[in-house]
Amino acid sequence: MAGATEPRGDAAPTAAAESRPIVELVGAVKRYGEVTAIAGVDLRIRPRELFTLLGPSGSGKTTILRAIAGLVDLTEGELYIDGRNMADVPTFERNIGMVFQSLALFPHMTVFDNIAFPLRMRRRPRSEIARRVQDALDVVRLPDIGRRRIHELSGGQQQRVALARALVYDPKLLLLDEPLGALDKRLREEMQLELVRLHGEIDVTIVNVTHDQVEALMLSDRIGVMEEGRLVQVGTPEEIYRRPATRFVAEFVGRANLVDGVGTADGSLLRVVSPSGVAVVVSELPAGPGAAHTAAIRAELITLRRPDERRWPHGLEGTVSLRVFEGESVYYEVSVQGLERPLRVASRRRDLAVGEPVVVEWDPEEVAVVATDGR
Amino acid sequence: MTVRRPDPTPPATFTRRDFLRLGTLAGVSVPVLSLVAACGETTPATTAAAPAGGVPAKPDKIVVRTWGDPWRSTYAEGPAATFTQKTGIPVEFDVTGFSEIQAKVQQAVAAGQRPPVDAVLTIEERAFAAKAQGISVPMDRSLLTNASELSSVGLPADGSTNYVSVSTYSQPLVYAPDRVQLPEDLSWEEIWDPRYEGRLFVTDTPSSLMLPVAKMLGLDVTSDDLTPVWDKIAELRPNIAAIGDEEEFLSGIESGEFDIGITLAATALEAEGLAWVTPREGSTVSTEAFWIPTNLPEETTYWTTVFVNEVIAAENQSLIAANLGEVPTNLGAELPDFMKEDPATFPFTEEDLERYALVFPVEVGARNNDAWQAAYTAAIQG
Amino acid sequence: MRDRTSRAPDVGWGWRLLDVVIAVRRRLGADRLEPYRPYLMLAPALALVTLLAGGIVYLVYLSFHSFDTFLFRQGPWSFEQYRRLVEPPSGDFNLQTLQRTLVISLLVTVGAVALGLPVAYFIVRTRSRAARILTLVLLLVPFLMGEVVRAFGWALVLGSNGLVAWVASWVGADSGGILGTPLAVWIGMMQVSIPLATLLILPALTRIDPDLERAAATMGAPPVRVWRHVVTPLARPGIAGAAAVVFLLSVAEYDMPAILGLGRLPFVANVIRSIYTLQNNLYLGSAFSLVLMAISTLFVVVLVAVGGIRNLRGGSDG
């Protein structure tokens, strides 16, 4: 279960003084008839962190978010917010902010009325509402659009209004259900930076849901990776990136080359050897020699050399089969005898041409190795 | 006690009232436009007289408008059969609604065309109106050989022969004796008694109540101001449970919505366990009549008159009495026992008519139908 | 594109045909009709409306003439019919009938919308497909039988020997049933009005993004306030439309007052029937019909103004 892998994340040195979690899920299960959306999840989210649930669609990440919001009732397990069991607390009493994928702005209200809505639900005085709505609009840098109708706004403006509406009542917890998914790349990046900025300015815990691993790595204090209703790894972006707990995580996060094989130890030289005989030198074999392992070599961490520049005896020999210029780096694919798929490489080198023989080298310390027995 | 109803052909459940309703709804509206054009010019009434040369040629058939069964079957079994037997001319029936057929004849006459039917059975008021509207012909008295046997309500009071009344019906109090006891000798005043609160059914047309009330109040409907009549009727409201037609009376009294109603005596015969009584002022008696449209070929008018004469023949009148529960106008007819036993409700002889019947004054009634109906509706439904 | 596809003989034939169609359209100038196409599509409806309008003009013509019902003869231009509507002996009665018609119709409208809205909401939001289909089928059942059949059905239930009276006597209440009361007429009319309102509100609710309600809940709105501030305002065009249709049909109701009112609680339609058939006066009936139509129209205009059918546009742009 997820618990088996979690200690790796918690053991990370970045972990702040272990204060009481603001959100805690214990053995959470949600089933819809035959379908299991989340299959036993334990999760603790710390105050003030920006936590991202990362996973492909259908992995259960949105269900967890909705369970936290009270929009979904858990079939089994407990949910605590600020130490309080939420079993009998309806959504409207949870005092959380949430931005939906669809944004869910009220089309029949002006921008002002949309942002004022949560304050009116709390029966705040009129003058306070006016002031706080204006403050919220200032925070999202849209000071002058209060009178407009929602459909008169651009996509980016709507995004900011939705954010302002979710923050105007100072909730302790802000839930983001892939609100950036529908935006184009530039706008998305802009909003991501905006979120990081806001998170720095405001005292709020953010739980974000996304299937975009770049976004997750970029924004998050910590990431929880979901696979088929299970939380397979929780950790800082770096941990997730460098030390994936499972083959799935290794494949899902970043651009990795996976080599499945059996661990062998030749003195101090550890290798994962594929059935076709390709040997990948690694720095550790978590399940020990003789066991099945997968080695994940990040595309960015590979060094390409011409055969005459070779420095390391364990590099793999291959041929450049594809070269794509990507701006700051060049993306190559290198065909290696014995590997089904060519190795993917992001390199600073620009001088290699398709058809050229090359040697692929890496630092064994940078290769993630995952025990894959039974899989 | 039920009226025997031979030949229950499919529309047997379709009562006269249904045709009344359907017919008027469809019939009134359609031909008005052409009438608008036609109004004003009065078609001169052509007297149907036997041609000097004797008996005219026979038409292929004659077409007679009646209500649906049991009327149609009764007329087919009786007068149509004897007529065809004597003359060899077949009779066809048409059951178009009575308002619609009147409008259709008006339309045809206005357009100078032959009307769709050769004789019309309707309520006397409409037959009277047909004469006033100039769409009926006087019948040749010499062909109405049975007319001499008719009672005083058989031929129009004005001495014309534009229609012949073939039967009469009265509207007594009909009640469920297991639920309500009525005194032996009672006045119409009885039904105003508060003990009948919410237990009474009245008709949606004024004739049933206005004549008894006028009599109670000593008023003459043909000449006096009727405001007191309508006011008195309005006072009946607390006792009224329902207002409607014969069918609504039957379903309501069977389901117990009310215990007493004013309706046709014949209607009482259609249900089990109902009794009726005619209060001492008498009940309203109305008649049904045949009239013959204008614009027909002379020989058709001639032979249709012969058919009408068959309708008022004593033997056929006996059949009408037995089958329809309506009182014949031919004094030589044989009455069923239930009619003989209750002359107040089924006044037959001149003496009965004189003593019990409040005969509906057809001319004043026809002329004032619109006004009386409006006043009555306001009085009972207000 | 065309060159490539025309190599396959059958596809090429299709393209050539399309070319011909386009050429013919061009030559005929059909493209110039393009901007008018929405109007052309309205043509059948317009024809029908014109026919109806013709009927109404005819009614207006009749209502402003005097008429002799005995001789069945039209007289000159006159206000006689309208005068008769308001003068004794019918004036008070007609006013009372009009009041009854409007009040019960309004109560039916309010009731049908109030009860139809939650049903429509249930249909739109339930997770269970079976429940949704079952509810829809149940809603359609009343439409399967004729109005008169339904009315007599209710007469049995509400009558002296009916279920209502039986239950009432069972709990010790003295009751002869409620037939002949405004309540009976209201109930009878509701049976078809609730499903009608539901079906008319349904499309408006379907268009409401369920996330809007969830969002409102996260912002602290309890269910009642979600309804008040989110669902109802967004469903307003549908509600206004449903109310207009239910009201117009109710105002023209005939059978329920006739049968369940036992003839004692006539609606305008019942009185008009009586005028047409018993008084034989199409001219007076026309006048009353037009008065009712004018009042109903006024009501719908007010409803559209207040209910904001203008919101029909734009709601989904957000």
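Quick notes on this one:
Chains here go by letter, A, B and C, matching the order in which they are written, and residues are numbered from 1 within each.
As a convention for this text, contacts are C-beta pairs under 8 Å (C-beta built on N, C-alpha and C of every residue); 3 or more make two chains touch, one makes a residue touch a chain.
Source: prediction; values computed, not measured.
Here C is the chain whose Cα centre lies closest to the centre of all protein Cα atoms.
When every chain is reduced to the mean of its CA atoms, the largest separation from chain A belongs to B. Centroids built from CA atoms put chain C at 40 Å from chain B.
Inter-chain spacing, taken between the CA centroids of chain A and chain B, is 92 Å. Computed centre separation for the pair chain A/chain C is 54 angstrom, with centres defined by C-alpha atoms. Those residues of chain A in touch with two or more other chains do not exist in this structure.
Touching chain C in their complex are the following residues of chain A: 69-71, 90-98, 100-102, 104-108, 117-118, 121-122, 149-151, 165-166, 169, 175. The touching residues of chain C, counted against chain B in their complex, run 58, 62, 69-74, 84, 89-90, 92-94, 96-97, 155-156, 159-162, 176-177, 179-180, 258, 262-264, 266, 271, 273-282, 284. By the touch criterion given at the top, residues 20-21, 24-25, 28-29, 32-33, 35-36, 39-40, 99, 106, 129, 132-133, 198, 204-205, 230, 240-244, 248, 251-252, 255-257, 366-367, 369-370, 373-375, 377-379, 381-382 of chain B touch chain C in their complex. Interface residues of chain C facing chain A in the complex, by the touch rule stated above, are 209, 211-212, 214-223, 225, 229-230, 233-234, 311, 314-318.
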